[in-house]
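First chain A sits with chain B, and in the next complex the same chain sits with chain C.
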Partner chain A sequence: MSKTRASGRTVGGLRSLSLQAPAVTLLLLWMLVPLGMTVWFSLQRYNLLMPGMEGFAGLENYEYLFTDPALWRAMGNTLLLVGSVLVITVGGGVLLAVLFQQEFPGRGIARVLAISPFFVMPTVSALVWKNMMMHPSNGVLSWVAELFGLPAVDWFSSLPLTSIIIIVAWQWLPFALLILLTAMQSLDDDQVEAARMDGAGPIAVFFYITLPHLKRAISVVIMIEMIFLLTIFAEIYVTTSGGPGLATTNLAFLIYIQALLDFDVGLASAGGVVAIVLANIVAIFLVRLVAKNLEN
Partner chain B sequence: MTTLKTKQALPADGQLASASADTATRARHTPLVPSAGSRRVWLTLLGWGIALIIFFPILWMVLTGFKTEAEAIADPSLIFSPTLESYIAVQARADYFKFAMNSVVVAFGSTLLALAIAIPSAYAMAFLPTKRTKGTLLWMLSTKMLPPVGVLVPIYLLFRDFGLLDTRTGLIIVYTLMNLPIVVWMLYTFFKDLPRDILEAGRMDGASTFQEVIYLLLPLTLPGIASTGLLSVILSWNEAFWSLNLTSSSAAPLTAYIASFSSPEGLFWAKLSAASTMAIAPILVFGWLTQKQMVRGLTFGAVK
Partner chain C sequence: MKLAYAFPLAALAAAVATSAQAETITVATVNNNDMVIMQSLTEAFEEAHPDIEVNWVVLEENVLRQRLTTDIATEGGQFDVMTIGTYEAPIWAERGWLAALEDLPASYREDDLLQPVRDGLSYEGKLYALPFYAESSMLYYRTDLFEEAGFEMPEQPTWEQVREWAAELHDPDNELAGICLRGKPGWGENMAFVSTLVNTFGGRWFDEEWNPQLDSQAWQEAISFYVDLLGNYGPPGASSNGFNENLALFSRGNCAMWVDATSAAGKLYNPAESQVADRLGFAPAPVAETPKGAHWLWSWALAIPATSEKQDAAQAFLTWATSQEYIELVGETEGWTSVPPGTRQSTYENENYQREAPFAGFVLDAINSADPTDSTLEPSPYVGVQFVGIPEFQSIGTQVGQTIASALTGDTSVEQALQSAQRATERTMQRAGY
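What follows is the complex of A and B.
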């Protein structure tokens, strides 16, 4: 045992590489081929609506993209969306995990109900929220508002990004809950007991024992959500189509508009390259940070 | 008023966590807190209240599916005589089972394929690490962060040239690659949890790498592999971007089916709800049944 441990990092060698080869090769192809093509297209004048105009464009597409306020707006929206949903789901997830850790009649069923939205496909949840919850006249939310004598809110036109954030948070809060709840179950009872014997109040126990215990689980939640939230598409596609104006256009949707609605392959590819660069910046900073946290 | 109460009650859960965390696992002796009874009532109300609020949109969708169109847009009501009208109308418009079959084939096909590719790789990373292993893992995960739309055009053109558009094979390929990084990561963490001595004992007895994996590694880490597979199935089932852009009719899964009801003319709530319910029911039940398994997979085994 100590022998393998000692030579630890280099024990792999050729055999290791050959076993990893299929996965690595496929992912490399999956990344490099389209990426290479995307980079190539991004340097071309290539609009499907204007055949015959093709040719090398140099950095023209990028120049256009970076001087277009839409890019900055989309970046801002992307960060706002990811940030808000992370705050809501992690904060709410911790509170709910503490709640659902308590014993009460029917706890098992209540838990199952609370985690259900995670299994609903994004297109469906977006449709349900758009039509049946947030509909300005017939939606359940406006009905509830009326019940309290409040004016109904036209969610998608007056609070477009907030609406998207609500929908996405609704989908991902159960995910955070699921993970954090599991983490709660391994909380050391004796430690809590000891702390209480020493006179620690409930809030102190929460901040000094529960929260540190959940640190690892929170890291996991942030990392996984980050991966999926950066590329949110279906929810926007189904509800607002990025609008009104650019209010709900994130980076993924901006590229989609340019590629499939404006048929500008060159410009869309430039957008794709920017999105990929941004994703990798996030990957380098965040994933490294979180991965380090996960190691020990 | 009630909402105010709930909000104030939340921080108090911190104290409850500590108060009954120990009682939860051991024998259910009454905690030495005077107000234990009323606390339990509040806890029940709060727990169920929040669970129902979170679940409400799904519940509402399921109920609306059993209403008539007129009832569906009327004031919210829980009292109505259920009808299968919408389900029949939806089934008449598009054959649900064809789409469902595509979803099943694509989700399970891509999951099996991803597992087959990922297992050797994760094995190597966990038991035969090299200097590059950590970097490779991080790189794999970073490929998940690139927005699919950034590479849609090239993939679309490649698929067109290879005749993979609107085929199950094409979708299986995309989903396999889409889930591969996460599948490798999860398996890696499960494998790493396994004491190395067990595999080494096998190796001493002369087992080849292949035998080691088949007879030792796989049986011992079956729960982990299962939970990894479950997550992969769910992600594939719910994926919308690629399915919408790469399929049209013959290979279209349920995500495409539901999207066909979202067009403006299709905005009949009862029918939309019926279709939505049918689209999510299989995976929702699947998720309910496997949630315990799945958490281990979801957290890369890091949370126990």
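What follows is the complex of A and C.
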């Protein structure tokens, strides 16, 4: 990689620096002030319900945070949630993209319908799933179970995290489909044709031509979804409130509990800092991975 | 584009111009039925006080708590009247966040307010909030089902009897649960009920040195009983049912019994809102080891934050919404079962109310006999029947509520759940410097 700017020309010197300064300063303020305040609060003993107890606490908040069994459970849940949704959406997205690439009557409408769940607001889709799909007595799923003579499943109490994963995956599968379908359309038909003539079956075509072609798109999907899935909140808030117990508490929800149910600003900020660090670690690995893929 | 903005702006300007001399107060309240009625009667208040306009912020209970607590703790000053409960009133008053309600007009008849409710809203003998409605808890049951099965409701049922009845009446094939109870986590949801259950099993939250007692024998027994009762004979999805969900279930006829707030009685006896109004029986909340603390005491009240710059207008609203005249207004316009219960002696002396609400005397007794200062078998250092009157309790109650809910769904065993609840409570108390 050569050291060129996005605009294509190399710039330097004091004059251009002074021209860039206002924009850069604004961006830094935009980013640094909230971050700095979070770090500052995380070092304070600051609970909204305890006026008069404020003061510098050193690393006390972090100590409490890291000795809290809830933190590890929340981290585990976060990773499990992100991982499962990624596997489902990428796997399902690739399969659906291949299917929707085929010619069939009504393909346009079918594509729009398949993509539409992505445009439903998270709170709305969570409510729909909670009250109309997974409800143990009024839900569609319990009605289906009854048709087969099976007992109705109380989704949010017996399979809480699985239910959240289903809801989130339902929302993000269309996103993966959208990106992957677009990528599919740039697949060279001649290449497939040639492979067919050489005697390759549909499975061989999929594994040796389609999948390598989708590699870049898949890494983009993984990166974008990862960023959004780390902060899943509305679906949990609306359906299970992090419970039962801590079964569906992810990092974002844990911070919410500390900040707005316990009103412990210090502890919540410490949780926020940990979340930022975690997100950055993930981001570094991801960006490397994607960059490598894109270069190839 | 510009025109589209211009019209609402002009309308706004016109509105401001006409009300230039009127003072606007912002009232934050919870979306319970009684408050919705209060909102609909705003006009009556504004007619009597032409110089005051009321602006409403109506929120769901949990959201309201968050908004109010953050606003008052950071001295945000968004609201002039806040709806708070028995839990918040003394704690917030101690921090100087609320304006003391002294020199109320004589016409307000302060001495008409029920003593336990009044005490619950006072700090160091001064009143800091006026009760809008108050409640205790009681057992509701279906008389038709009890007759059919040949059960007789004694004057004071025990929890053991309740379990036997629930086991007999439970009929999931016909969508009938033996018993409905709160299962939704939260200190104001499942823990309100669970605390009374623990009290009557002889347990307490803290000993006199503020050591958490959640791993004690009494808690074990109470929670095991709760998990067994609600888990086996409760409605499907019991762990996500709170007061409103259970109210809907019971009034649709899906529960044989229900132990919850007395404030539900008005709705359950109203044939327009309840399908079981004509076959409804009630009894005191069941007891186990001790009658102490078996039924709770709660009131929703209106208070003025110390930061409000419109104290006089706010106080005018407060005294209107909690007055005897207001109660009569609701009785005449909405029907007597809909009046805010539990606040005033005069409500219970009212003949109309006595005639329409067969539960009136019973509720009055339940409220008068609940004692927040002496609610546990062994002595405890805190005030409150179904809560602990310390600021940390919101956090503790929410955490413990979550672990109890996970025991209810079978995610963890009762023993494990109580151990982790104990550890979490110890940590919170240690952090708060007890």
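Keep this in mind: the second predicted complex is superposed on the first by the 267 of 296 C-alpha atoms of A that agree within 3 Å, B and C clash if a C-alpha of one lies under 4 Å from a C-alpha of the other, contacts with A are read in each partner's own complex, and residues count from 1 in each chain.
Just so we're on the same page, a contact is a pair of C-beta atoms (placed from the backbone, for glycine too) under 8 Å apart; a residue touches a chain by one contact, two chains touch by 3 or more.
Here the structure is a predicted model, which is why all the values come from computation and not from measurement.
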| item | value |
| --- | --- |
| First (chain B), second (chain C), both or neither touched by A:A275 | first |
| First, second, both or neither for A:L261, with chain B first and chain C second | second |
| Residue contacts with chain A in the superposition, chain B compared against chain C | B |
| Which superposed partner A:L150 touches (first chain B, second chain C, both, neither) | neither |
| First, second, both or neither for A:F206, with chain B first and chain C second | first |
| Partner chain in contact with A:N131 - chain B first, chain C second, else both or neither | first |
| Doubly contacted chain A residues - partners chain C and chain B | 260 |
| Residues of chain A touching chain B in the complex | 1, 4, 8-13, 15-17, 19-20, 22-24, 26-27, 30-31, 33-35, 37-38, 41, 95-96, 98-107, 109-125, 127-129, 131-133, 138, 140, 143, 170, 173-175, 178-179, 181-184, 186-187, 189-190, 192-193, 195-196, 200-203, 205-206, 209-210, 216-217, 219-220, 224, 226-227, 230-231, 233-234, 237-238, 251-253, 255-256, 259-260, 265, 268-269, 271-273, 275-276, 279-280, 282-284, 287-288, 291, 294 |
| List of chain B residues in touch with chain A within their complex | 10-26, 28, 40, 43-44, 46-48, 50-52, 54-58, 60-61, 64, 73, 75-76, 117-118, 120-121, 123-125, 128-131, 133-134, 136-138, 140-155, 157-158, 177, 180-181, 184, 196-197, 200, 209, 234, 237-238, 240-241, 245, 254-255, 258-259, 261-262, 267, 269, 272-273, 276, 279-280, 283-284, 286-288, 291, 294-296, 298-300, 302-304 |
| Residue ranges of chain C in contact with chain A within the complex | 66, 69-70, 73-74, 91, 95, 175, 185-186, 235-240, 391-392, 394-395, 398, 402-403, 405-412, 417, 420, 423-424, 427, 431-433 |
| Residues of chain A defined as touching chain C within the complex | 48-51, 53, 64, 67-70, 135-137, 152, 154, 156-158, 240-247, 257, 260-264 |
